[in-house]
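Each structure below is given as structure tokens.
Shared between the two complexes below is subunit A, which pairs with subunit B and subunit C, respectively.
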Partner chain A sequence: MTEPTNAVLPRGVTQEEFAEALEKFRAVLGDANVLVRSEQLVPYNKIMMPVENAAHAPSAALTATTVEQIQEIVKICNAHRIPVYPISTGRNFGYGSAAPVQRGQIILDLKKMNKIIKIDAEMCYALVEPGVTYGQLYNYIQENKLPVMLSFSAPSAIAGPVGNTMDRGVGYTPYGEHFMMQCGMEVVLANGDVYRTGMGGVPGSNTWQIFKWGYGPTLDGMFTQANYGICTKMGFWLMPKPPVFKPFEVIFENEEDIVEIVDLLRPLRMSGTIPNSVVIASTLWEAGSAHLTRAQYVSEPGHTPDSVIRQMQKDTGMGAWNLYAALYGTREQVDVNWKIVTDAFRKLGKGRIVTQEEAGDKQPFKYRAELMSGVPNLQEFGLYNWRGGGGSMWFAPVSEARGSECRKQAALAKRILHKHGLDYVAEFIVAPRDMHHVIDVLYNRTDAEETRRADACFNELLDEFEKEGYAVYRVNTRFQERVARSYGPVKRDVEHAIKRALDPNNVLAPGRCGIDLDSYRKS
Partner chain B sequence: MTFDRRSMLKGMALLGVASPFLGSALPALAAAGLPAPALPTSILLSAGAADSAFVQGAHASIGASAVSVFQASIELDFMQDFEQQLHRGQAQRVIGLLDDALATPLLAVARSAGASVPWLGQHTATAGLSRHRVLTADMADGCVGQLHRQLLACGAGFTLNDERHDNRVIATELSGPSRSPGHLDQWAAAIGFLLASLVSGKPGTPPLFPAGRGSPIGSFVSFAIVA
Partner chain C sequence: MKRPRDSISLKKTLVTGATVSLAVLVAPALADQQPQWRSGAELYNNVCGYCHKPEVGVGTVLQGRELPVEYLKVMVRNGFNAMPAFPASYVDDAALAELSKYLASLPPLPPKPTPPPAKPRPGASP
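Moving on to the complex of A and B:
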């Protein structure tokens, strides 16, 4: 076959070399699974970051269906030094979408590896391939009337557990810390070996999805937010469906209330009285999720003034902070915990409690309740209409679950965003000890000047938070190298030593999370 | 393409709104003897002022009878129906103009279903200016140039960022001054025309459309999906 000239090439690879590699990929996968035409690649190149799409343009995309094919692919990649960027469902949106971290990398799209290998409703676990979506799992659980419940992030139905967990994403149920609930992985290494973590290496073992640690070093975490292997199977625990589920919202009027909210919540989370990943959403996150748009309230460019936000609160009944939580268990357990929770808020003397009975089908309560009970929906995509224009970057610093810290972070972020004419659209996701402070930096990609401001804003957020000892837990591909630097040189040296050992040709997603043998120089 | 009954009903409701507006322009266009496309073409829209102009443009390219208009929805049922349709393996063409909340998951679903996307545009329109950022593939060769000419001809102020997936590292920035803000809705009609022409394989030059009833103000995503 005559290969047309390909304008997007992997770094350091010639046309001839690339054409030869493509021929080998075709031999392994068949023509239909080697995508090189530009109209096939455009959908992989939709980004939400403040750079040209060209910076993240793939040179090709491959779709595989078996582990053996992936073993062959990595061998070809090694032979021709072709960098390969694996994706499961590619639904990372504000953390980087499906586009590769560097221009020219080929995408290995695992969407066709979408088998639900096993769901054990008695032991409450699942084993799935990377292309499985939460929507697919939800349908399976419903159709088979299984007494288990899923936990997922807000894009829910169209995202998948492998991608989300490998990026250490979170959900909103008691099983919301997804990596904590992961149990057993199968990983194709750069040399083609297939490595199973935990108990997975023991022939005949039936505890791969039961016992996480196995024997000796436990390496599962090493493969998350990294580029040391390609995850081809993953196990994770499922929560038994509780007989009673009671979602509720507590609405707070003032920004300063965040201090008391968090300090009240912490002991309730630590004791397990409130078991799920609680969310505390700002007014504008709430507004976007309810599909309100900025244009409905203000036409001037720049950030939305506080006076307008207060007016929105008045008009809609939304709070400055809107806390969503749920209780799970038997009727008796829920009743006892409900009394503890309501007593605590009553004692605080602040916060208006809204129950499901009171909220009815009102948004955003409805979608929040669904997320906390493992029912998928797409409601939160409404955030992208708040400002419009297709720009979104999730800035997600970790905070102590301490009120004063949350107030400090919120004020710092708001000041920087407003300086750059952008809005503070944020939620805190509350674990017992930490908070994921997730800020959606929304901006208009059709406006070149606003796009430059968004880029400058994100850099300043990273810089200023770092000065205070804060760092993000996850970031989009444009800023991964920058964020890796926040965590210090020794960590980076170790990460690159591991990379040299496992992937000496640097073919697996070089640049992901700042790990790249070609560009990294030991400090 | 067919969607479930609920989506179909929504689509019919949408057409009910759009048809009276389109009526004035279509007879003249039909008289021009425009050919029908070989493959079924669906138009997906979200409720908004740009919708009518977009449909008007598409009809002008390939005729009203050759397209079905559907209102997209953020409901999971709609996205799952859409994905299933693309997975059925029948050749089909979908063009549309959606808001960001709808377009973001819909295009992700289209990618997973293996569809090609020769045109992906991001558009913002304010009272006196429209901004466009377009990512295109080989199949859409010439379309951005036509859009540029149309934007210049209609006289409303604009910026146009043109990025080809496979042969330019740096995007081309184009712009034009505002001379006639009354024609601001031309961009939506022109894109409807160009995308319908693109997926039908029948290239044409968009005409200057009669002024619409309202200005399409807001943020939109245009796309052509070929499955």
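Moving on to the complex of A and C:
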């Protein structure tokens, strides 16, 4: 068979070498699961980052359905030095979507590995393959009337727990720190070995999804935000569905209120009175997810002026900050905690409390309540209509859960975004001690000039936050090398030492989170 | 497509104890891989509709517009602005054909009433 010339090749791999590898992949997977035609690859190249698609174009995509196939694939990749970028559902929007971190890497698409291996509703855990979506899990739980609840991020319905957890994503329920709730994973290593973490290596063990630590070093975290293995199964804990769920919103009028909000919330989160990952959303986040668009208010280019935002608040009743939280438990527990919470806000003398009964089906309350109770939706994608044009990058610095720190970060981010003609569209996701300060850098990707501004803006955000001792917890593939530098040289040396030990041919997603044996030089 | 069943799923789901209630609690693994989407309605309700149903309002309304499958395919494979692209592993061509038929079977939306006058845009300029 005459091999067509591939438009994109893996770095340092010749056309002939690549063709030989493709033939081997076909022998393992069948022709239908080795994708090389441009119309087959284009869905893997849809990105939201401020760079040409070409920078993240794959050379091929493989769809595997078994662990054994993946073992064979990594052996072929090693033999031909083909870099392979595994994806689960490929829904990592704003972080690189399904596209490889470097041009020319082949995609290993695991969406077809979509088996819910087990849900144990007594012990409250699940074990799933990478292609399982939260939507699929939700349907399964509903159909089987299982008394458990999911936690997921906003693209809930179409994204999945393996990808989200491997990228250390977060959700909005009491189980919202997803990696903390992960228990046991199976990983195909670069040499083809299949490694099970925790109790998973013990023959006959029934505690793989029960006890996280196992014996000796606990390595699960090493495989997240990394490129040391391909996760083929993951266990995670499910929250028992509470008898009573009480979502609520508290609306604050002024930007400066963030200080008091956070300082009031911290003890309530620390004590577990409010158990879930609370959200404090800015006006424009609220506006976007409630279907307001910038064009309804402003026709001029640049950032949306504060005067317009205040007008939007007046028109709609949205706050400068909009806090969403929930209580879970028995009626008695919820009643007691509700009194503690409402007393705290009354004592503060600020904040308008809205209950589910008052909000009814109004958005964005409805979708927030759904996310906090494990019901999937995609309502938050309304954010993408705020400015339009399909550009989105998450700038997500970690902050102390301290009011003064949140105010400082919010002001710094807003100043830089406005300087570049973009809006501060943000939410804080509140843990007891930390906050994920999540900012959606929205821009019109069809406008070349605005795209350049967005890129410059993101670089400046990283630089200026770093000067203050702040760094992001996660970032899109365009900036992963840059962010790795924020965390210091020793960490990088260790990461590359591990890479050399586990993947000496550098075939697993080189460049992911800045780990790449070809380009990294010890400082 | 047939695929081998996972040994864990068999082993663990068979050990479910004797009672019916426990059998329900320890839910069995899914059977061998099913066709990707059982119908156009299932695909619409579990993926597209989350943005495109009229009551959601995130994406353009699709129902009742008799959109040809070729058009759907271009949009789904390429994405458009913020709409993500879906490879065949997620939504295959057969499912798109079913989706096209299903969307055509849904009633079109009634024409929109005349919108109220646009809101003033106070403070549009800093």
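Operating definition for what follows: the second predicted complex is superposed on the first by the 523 of 523 C-alpha atoms of A that agree within 3 Å, B and C clash if a C-alpha of one lies under 4 Å from a C-alpha of the other, contacts with A are read in each partner's own complex, and residues count from 1 in each chain.
Simple rule for what comes next: a residue touches a chain if its C-beta (ideal position, glycine included) is under 8 Å from a C-beta of that chain, and two chains touch if they have at least 3 such contacts.
Source: prediction; values computed, not measured.
Partners subunit B and subunit C, brought together by superposition on subunit A, clash. Residue contacts after overlaying the shared chain place A:117 against subunit C, while subunit B stays out of touching range. Of the two partner chains placed by superposition, only subunit B is touched by A:38; subunit C is not. Contact with both subunit B and subunit C is seen for A:382 once the two complexes are overlaid on the shared chain. Residue contacts after overlaying the shared chain place A:264 against neither subunit B nor subunit C. Once the two complexes are overlaid on the shared chain, A:447 sits against subunit B while remaining clear of subunit C.
With both complexes superposed, C is the one of subunit B and subunit C in contact with more subunit A residues.
Of the two partner chains, both subunit B and subunit C are touched by A:89. Of the two partner chains, subunit B is the only one touched by A:52; subunit C is not.
Once the two complexes are laid over each other on the shared chain, residue contacts for A:390 go to subunit B and to subunit C alike. Once chain A of one complex is fitted onto chain A of the other, the partner contacts of A:135 extend to both subunit B and subunit C.
In this superposition on chain A, the options for subunit B are 20-28, 38-46, 164-172 or 200-208, and subunit C clashes with just 38-46.
Residues 39-40, 42-46, 63, 89-91, 93, 97-98, 111, 135, 157-158, 291, 376-379, 381-382, 384-385, 388-390, 445-446 of subunit A lie at the contact with subunit B in one complex and at the contact with subunit C in the other. Interface residues of subunit A, counted against subunit B in their complex, comprise 6-8, 37-46, 52-54, 57, 63, 89-91, 93, 97-98, 111, 135, 155, 157-158, 291, 293, 295, 376-379, 381-385, 387-390, 444-448. Of all the residues in subunit A, the ones that touch subunit C in their complex are 35, 39-40, 42-46, 48, 61, 63, 65-66, 89-91, 93, 97-98, 109, 111-112, 114-122, 127, 131, 135-136, 139-140, 144-146, 157-158, 206, 233, 291, 296-300, 305-308, 310-311, 315, 376-379, 381-382, 384-385, 388-390, 392, 445-446. On subunit C, the positions that touch subunit A within their shared complex are 1, 3-4, 6, 8-9, 12-13, 22, 24-27, 29-30, 33, 46-47, 50-51, 56-59, 76-90, 119, 121-126. The touching residues of subunit B, when paired with subunit A in their complex, are 74-76, 79-80, 99-102, 104-105, 107-112, 114-120, 122-124, 131-133, 135-140, 159, 161, 163-171, 173, 217-219, 221, 226.
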